[in-house]
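Each chain carries a letter (A, B, C and D) given by its place in the written order, and its residues are counted from 1.
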Amino acid sequence: MRRAMTLLLLLAVSGCTGPVRSFGVYESKAANTARKTASAVATAELAVQVATRDRTFGRTAAQTLAEAARDAGDTQGIFDAIQPPDRRSDQLRSQLDDLLQPAVSTLEDLRTAARRGDVESMARIAAPLEKLAGELQDFDEAHR
Amino acid sequence: MRLSELLGCVVVDERGRLVGRVHDVRLVQDGPPIGQFGASLRLLGLLVGRHAVDPEHRRIQIAGSVDDLGPPEPIPRQPASPGAVSGPAARRR
Amino acid sequence: MQAAGRVLDAGLKLLDRQLIDSQGMLAGKVDDLELTPSQDDPQRLYVTAILAGPGALAGRLGGRLGHLLERTANRLRDSPQDRPARVPFGVVKQLNSAVDLWVAKEELETDRLEQWARQTIIAKLPGAGDAPQ
Amino acid sequence: MKNLVQVALGVLTAIGGFVDIGDLVASTATGARFGLALAWVLAVGTIGIIIFAEMAGRVAAISGRPVFDLVRERLGAGMGLANLLASFFITLLTLAAEIGGVALAIELATSVNYLLWVPLVAIVIWVVVWRLPFETMDNTFGLVGLALVVFLLAIWRLHPDWHGLAHSALHPTVPQGEGHPTYWYFAIALLGSAMSPYEVFFFSSGAVEQRWTRQDLIINRTNVLIGFPLGALLALALMFTAAIVLQPQGVDPTHLSQTVLPVSLAFGKLGLALAIIGIFACTFGAALETCLSCGYTVAQYFGWQWGKFVKPTQAPRFHVVVLLSLLAGTLLVLTTIDPIQLTEYSIVLAAAALPLTYLPVLLVANDRDYMGDKANSGVSNLLASLYLVLLLVVSVATIPLLIVTKAGG
């Protein structure tokens, strides 16, 4: 029983990635990536909002933004490791990369600012996030 | 012998016909006194069910025919005298 | 003392029940029962002891798991001979939702593993003998 | 008068003790992804745990026999052992998740990597389990856990669209972009978070630890009938705040830092501090409960002396199991497995394993040999049997859903 459960756990954990052979599957992975990145971006937006209004502790803000930055980075890394199966997928990839790239770098900058306790520049750095989150969500909806 | 050696055994009658599987063992407290417990518990009979029998399991052969066996009598709510309870299924050979 | 003549089904009312010693301490389970033929009439079988501990449990589980448990039990010297620990039926006080005994569990063979765990591990930790408040 | 204080204390402890890492994760995640469309599951789960714990507590008070004693006695050595292995494994996973949860709460306040806190947390857990009397331990963390009320208050402060919320709770639909299998997978996770088997192992063993008798049946009833629903209200509050703040933003929470964002938004630093303290206390309390439950289940199956009501030297094997379980749980967290993911698996498996322990308790609660005049009544039997059917369906559906949805995607 226990062995069976351990096996199941392993199966469930390892079942998340695999080779992608068709555009359809690639597209749904891309949509998923966009959604997860949008979630990280929105988290950062909220974190900046509470930090700039002095409604959170510096360390908690730093932690929240560090996690959001890591999530976005990890998600991008996983997506980049998937080989696009065809020409259309190539296009989709570059389209999504145009959104992922600024998201990841903005979140990285925010993480650094939060660690330094530099609340003033946080609001400035976070300015493009709202638009980015919207674009990522649109991408998700268009391709899911 | 151990109780676990009886539980799950396949029971056949004297002509080798299947009776069933032992699913419990009925005891009656009418034996000679044992320590501070009082009268000891005596094996009164085997409760045999007719469902799924594993042919690989140990066998017990009983005297008499499978046709003579009836359902076990229910245990009376109050302790009864030893004579009041008859063997539910069969005695072990 | 039990009312003589009472009837019970061993599997349902005795097997797998908790043993409780004279101090109210938990002393193992009814893992199996020892049945002994009467001297005058070998057809009559009497319950002479409760078998408790991994040695007795292993016999009931069977298969690889039972075998493993038996080997562990032997290694931990649950019983010096090749037989499981017994609790003579004469020390049984009462049969109800648990089996009450007349003696303290330290006097029982079944307590060896408990004593081993106490001496080798627990007693060495600070505060092990402190009574709970 | 003393009795009244005792009853009130029991209820307050039950409220604070209801929430654990499973509720924190499941309620927030479902609120953020499904709004209040799964709120009904919380109600189903709460009624379920009330029925289950009430029976287990009543049996323990009347007969002195806790859950795993009954499991062994009703299912026998073989089935009982299979049950023990499954239940112990899931409780151990939950213990690891709770240890992770405590460390994550500290990380949230200090921004120091949670893995560094794990060994320290484990040592403190052991010291508390080893030294603190049962009631002090149980009451302290339950009461401090009440700080989570801040989530409940935050709902009003956030000025939600009450009509919309009420509509989505009463007319549940699967939101756009989520599949039906995912919806049901999260329903099971939520059920498992409200009805963890360990809660019942702990509750019934706790009844024996506190030497409940027939006179304490009133404490059993009030704890379960008042304490649990109010505790579930805190879990519901987590779902509400996530539905109000996180869902509209498209945040799919994977960290505790996201769970507390709504409170920060509503109450600022003070609210955040209370939320972190509440999370710390309730995960720490649950870590103690799961850690002890590992010992309870094993000791009760084998018939060893167990419990904190005797000296450790009088229950040596129990304390060895507790210590080894804590060690195993700690090592599991230190593998850097994500504690939040670990929680998700543990609550889903807990839901699947529920019938294993529910059935023996139901059987004994009906046994007049054990219970005399306190056996189940006709009405409670009807309800309890309905839940048995429900739990069996859940149990069968869990693993296929886990695979189809890739654990909720």
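The rule we apply is simple: a contact is a pair of C-beta atoms (placed from the backbone, for glycine too) under 8 Å apart; a residue touches a chain by one contact, two chains touch by 3 or more.
Keep in mind that this is a model prediction, so the values were computed, not measured.
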By count of C-beta pairs in contact, the leading pair of chains: B-C
Rounded Å distance between chain A and chain B, as computed from the means of their C-alpha atoms: 69
Chain A and chain D: spacing of chain centres that average the CA atoms, whole Å: 31
Averaged-CA centre spacing for the pair chain C and chain B, given as whole angstrom: 23
Whole-Å separation of chain centres (CA-atom averages), chain B against chain D: 45
Residue numbers of chain A (touch at least two other chains): none
Residues of chain C touching at least two other chains: 11, 15, 60
Residue numbers of chain D (touch at least two other chains): none
Chain contact graph, described as a line, ring, star, complete graph or other shape: line
Contact set on chain D toward chain C in their complex: 63-65, 69, 72-73, 76-78, 80-81, 130-131, 133-134, 136, 299, 302-306, 308-314, 316-317, 319-320, 323, 369-370
In the complex with chain D, residue positions of chain A that touch it: 1-2, 5, 8-9, 11-12, 15-16, 32, 35-36, 38-39, 42-43, 45-47, 49-50, 53-57, 59-60, 62-64, 66-67, 71, 133, 137, 140-141, 144
Residues of chain C defined as touching chain B within the complex: 1-12, 14-15, 32-36, 38, 43-48, 51, 56, 59-60, 88-93, 102
Parts of chain B lying in touch with chain C, wherever the complex brings them together: 1-4, 6-7, 23-32, 34-44, 47, 75-76, 79-82, 84-85, 91-92
Touching residues (chain side chain D, partner chain A) in the complex: 82, 85-86, 89, 107-111, 177, 245, 249-252, 254-255, 257-258, 260-261, 264-265, 267-269, 272-273, 276, 345, 349, 399, 402-403, 406-407, 409
